[in-house]
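Please go over the structures that come below.
In the two complexes below, chain A is the common chain; its partner is chain B in one and chain C in the other.
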Partner chain A sequence: MGAAPSTRDSTHSAAPETSGPGLAVTGVVRRFGAVVALGGVDLAVRRGELLTLLGPSGSGKTTLLKVIAGFEIPDQGSVFLGGQDVTFAAPAKRDIGMVFQNYALFPHMTIAQNIAFPLEMRKVSKAAIRERVDNALKQVDLPGYGERLPKQLSGGQQQRAALARAIVFGPSLLLLDEPFGALDRKLREQMQLEVRRLQQKLGLTAVFVTHDQEEALIMSDRIAVMEQGRIAQLGTPQDIYHHPANRFVAGFMGESNLMQARLTGPGTASVEGGASLRFAAGAVGPAGSAVGLLLRLERPRALKDGEAAANAFAGSVVEVIYLGETVKYRIRLDPGFEIVVRWPYRESGGSLKVGDRLRVGWDAADMQPVAWT
Partner chain B sequence: MSPRGRPGLPAWRIALYAWCGLVFFFLMMPLVIVFPLSFSSSPYLQFPPPGWSLRWYVAYVNDTAWIDATLRSVKIAVSTTVLATVLGTMLAFGLVRGRYPGKALVNQVSLMPLIVPGIIYSIAAYSLFAQVKMIGDWRAIVLGHAVHAIPYVVIVVGAALRTYDEAYELAAMSLGAGRLRAIWRVTLPQIRPALVSAMFLAFISSFDELVVAMFLGGSNMTLPKKMFDNILNEIDPTIAAVSVLQVVLVSLLLVVVSRFGAGAKPVG
Partner chain C sequence: MTAIAAGARSARTPWRGWRAHVLAALFTAPALLFLLLFFLWPVLRLLSLSVEGGSLAPYQKALTDGLYVQVLFNTALIAAYVSAVCLALGYPVAYFLANAREPWVTIGIVFVLLPFWTSILVRTYAWMVLLGRNGVINRLLLETGLIAAPLPLLNNLTGVLIGMVHVLLPYMIFPLYAVMRRVDPGLLSAAEGLGAPGWQVFRRVYLPLTLPGVLAGVTLVFILSIGFFITPALLGGGKVIMIAVLIESQVRQFLAWDFAAALSVVLLAMTLLVYFGLRRLFRGDLQWG
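Presenting the complex of A and B:
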């Protein structure tokens, strides 16, 4: 199914020496004509771990998933499943359970027939199939739904059925391709937690693809943020949220103040307007070089009279955005730069209005340096 | 005037109804005439019939030439349907899914039989089958008809494949089915309405066909050829009886098509 003739390196690298990786991807390159969809991806997913591929559309996350599933053959590099090289193995031979974006439940089969399909392909006996299908339906909380057709189920129920079909044969890897996109917000949150609980209970190794950073934070053991066919950062949700590796990751992981600054010394930098800011120390470059300063919306606080902080400025409210439990304020600080803060409604109150004066401060540790390139 | 006091139908509406009625009348006319004719007691094609009888149906059933021609036509049409559906479906897969140089050309060539005039195609087929001494062989007619029927299959099945979400097939493959098994168990059942329609079109295109059968049939007549000869030589109402039977057969097929061609149903 390749779009263009591709030359492939025949060099086979050995499986990486991780302690029993569920899945390992080494040096995977995939091009479509002149477009490089994957530009050399290395990734190891531990057994029982849920790893999320997070990125905007076109970042290569879906192509990587297809390479893992066997729907795409990489131009270079290898894929290992449980230590076995499966780079060229047919999808059917990989023992991977996959949940598709629109579930892809076979509409001409009942739910039970759908779930029985992978077992049938594996020549499991009729009696055993019945038992395992019933069991799988129980696991996803759909007992008694076996005789219905997919279209007779709600979106959430279809989602569960698709999940049951993907896990019923005890796959060595579970792939989830943006499975919650079609659900409304409330149901989506519920399904996220349910899928996560089931994955942990069964000890499944799983790769989850999404463009929703919040979803990634909720679901993952680790997150790989993808940018233009490469992994921009790989780490735990806390790591990635609080210590983004670069400007792209910082911008992608939720709303924040990201200011371009120039280093003036260890732990200090100046921003537009000349104000000097103090940030969490870390080797980021020589004085005079550009750096990004990341300040999450919830970190700054309103200072009482006489209260001090490493970074403290007076300013005035420019914009008020009411969000229910929290309120977002855009504040223009006197040195000549703006920040956005998000404070709980009760504390900051409906009291602040556009034009109000206040003092805002935050600690050096609240501000992370981020590579600006 | 209606009770609500609405004004009567505007003139353009009346004209439209009249026009539609006229078109309908012209389309139905042959059937309206042929049905009574087939039950005529007269030895001539006379309308309205002077009396009623089943003699022309009896004549048809008792004439081995008619029955031979009918059976031969059914055999040829069924074989054509199978051959054209299998090859046409494979071709449709290749045209919709494949990515290879020259695909546009293959697409045009596969639709060519629709454009080439039947008489030219028949003469070409005649000279080809004459060389391999297959004139008069029913299988030659099947081949000739299949080439004609394949474009219908390609168009109908290709349209269905184009709107078919390949994710179903990928899902089946990830669940342990090879490509062929995934197509057989998951893709084909879902495009069944298109397959049934394609088979119906292929069947009709062969069952009705006269020119190719004339050139390739030799002395082994198909039903259309036999009807053609009957009109030329010995006009009697048997031909009306045969026509009615033909219409009934196609109508039955249409019923079957709408029954099995409707949306997907659970298996087993």
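Presenting the complex of A and C:
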């Protein structure tokens, strides 16, 4: 917190165009000693949009969230909320609703008192508080739970109450800090959809922090993938999943085959073992330069006799991993490289065993070039 | 699966059924015997002493004679003062200890404990040296010209309070510290984020969450205070009579065993009353604990 004002870059004059009604972060740098937690982050969140900060621990996503919430003052850069510079404003002055991973419900207050807290701090009248608390409880599907203490509620219910507390005062921004981390899988999926529905219904501008790429894909309008204090890629879930900007994003966005290759011409590259692969065209560099080739597990298919594909290889099954609806196979292809595929159990899967021979193929469009560095 | 099976086996085999009970009884027997012999027996003996004459006259004297009622009242009042001063001084110290970084926590705790490890008698005499008419403090103040005549610091209530607070402060600090350590800082951030200014965060969240520590500390200090003997005896100079001082003088000077015993029983009753009274008083606020 103790950033000396003198070390700050003082060239933050006007809010950028995009910041108008939502949230804008410009050139934010935050260092902890020699560690650069945020190395110059620019981000604009549109009004009514849910943007996810996705990244592994230590990528800076939580620090960025704290800067937005006001618990950290950036060394450089600015934060704009609704067009107003709030870089140095205290958290209490920012009008942000926050939901924490451990719920952070006040244990000595009832659920209704918890939800009333932000309203009381805003000097809302008693009668209005009652009405708005009841309304918020209904919105999160907890009617009648107002008089209970937090510890008398289940984890999922506590998270709903925390959500109610965060939205009851009509905040200009909703921050969600890994809110479902403590919930079991089934409940988590249910809450993800509920929160998303509520956010859309109320038209809330929201920033969501998670390290779970699947959760990010389900919840987000846009995702900002963070890597070492920077935004590695910003885009829609489809964008990021299908066209990852680099190796890090590709690796983080779900399981895939990522092969190091050397460009040999437009849309062709050679991999370990010398095999030439065809991929979706795109200017990625001059011949001879390194490139990553991304092939999602579900894209390759087993070829019938005589069937052709842009990339077609014979090989043998090395490993079978049964996943229920699908089966994963590690296949050693004859030119000397391996791929992993995931096939529905019923279609092709059930019968293959280790050592079985087969032909595998995929189209050029199934394979995305990815910057290797 | 194997872990569960192993866990179940180790839980079952070693202390099973009646053997566990016998073992538990064997382990606790020495301490239990000691308490029976040297604590429960004397207490019962005291009770019987107080009614030995076949009448409740000693009790009547203790509870109706204006002089002695005054002593009982004084004792409670002094205990209340000491508790209040300890709370006022101890709360910030405990807050510092609970929120400081190492090595400051360890250093702070050592400083709180240091007097704790020193004999109470030594400390009380040290205060006499410091607080007397010609004591260190008065001489310093006189020589620097801050005061014209020595301050009355010894042989009065002031001296007793200073000495008792000094002895009892750790008993306030540690329960507070223990509770403050467990307060989730996320709750304070949450309060702040929801729009609460600093003093509201304290009043609405931090203070209620640390109330169990306040209760524990106040109970401990108050109960220890009402039975205090050495400090009021030495620093009060015979002018501040607390119940323990009175009991001692009844035995030593007047050999009035029955009256001393009755006073002791009254003290015991006061202690229990305070203990259960404070517990009840705060119970409503401590439901989450």
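FYI, the second predicted complex is superposed on the first by the 363 of 373 C-alpha atoms of A that agree within 3 Å, B and C clash if a C-alpha of one lies under 4 Å from a C-alpha of the other, contacts with A are read in each partner's own complex, and residues count from 1 in each chain.
We adopt the following convention: a contact is a pair of C-beta atoms (placed from the backbone, for glycine too) under 8 Å apart; a residue touches a chain by one contact, two chains touch by 3 or more.
Just so it is clear, the model here is predicted, and its values are computed rather than measured.
Once the two complexes are overlaid through chain A, chain B and chain C clash, as defined at the top of the document. Of the two partner chains placed by superposition, chain B and chain C are both touched by A:Pro91. Of the two partner chains placed by the overlay, chain B and chain C both lie in contact with A:His108.
By the touch criterion stated above, A:Pro118 is placed in contact with chain B and with chain C alike.
In the superposed model, A:Ala69 lies in contact with both chain B and chain C. By the touch criterion defined above, A:Lys186 reaches neither chain B nor chain C.
Residues 69-71, 90-92, 94, 96-98, 100, 102, 104, 106-108, 117-118, 121-122, 149, 165-166, 169 of chain A contact both chain B in one complex and chain C in the other. Of all the residues in chain C, the ones that touch chain A in their complex are 184, 186-187, 189-197, 200, 204-205, 208-209, 285, 287-288. The part of chain A that touches chain C in the complex is made up of residues 69-71, 90-98, 100, 102, 104, 106-108, 117-118, 121-122, 149-151, 165-166, 169. Put simply, chain A touches chain B in their complex at residues 1-3, 69-71, 90-92, 94, 96-98, 100-102, 104, 106-110, 113, 117-118, 121-122, 149, 165-166, 169, 175. Across the interface of their complex, chain A is touched by residues 97, 99, 165, 167-168, 170-179, 181, 185-186, 189-190, 192, 264-268 of chain B.
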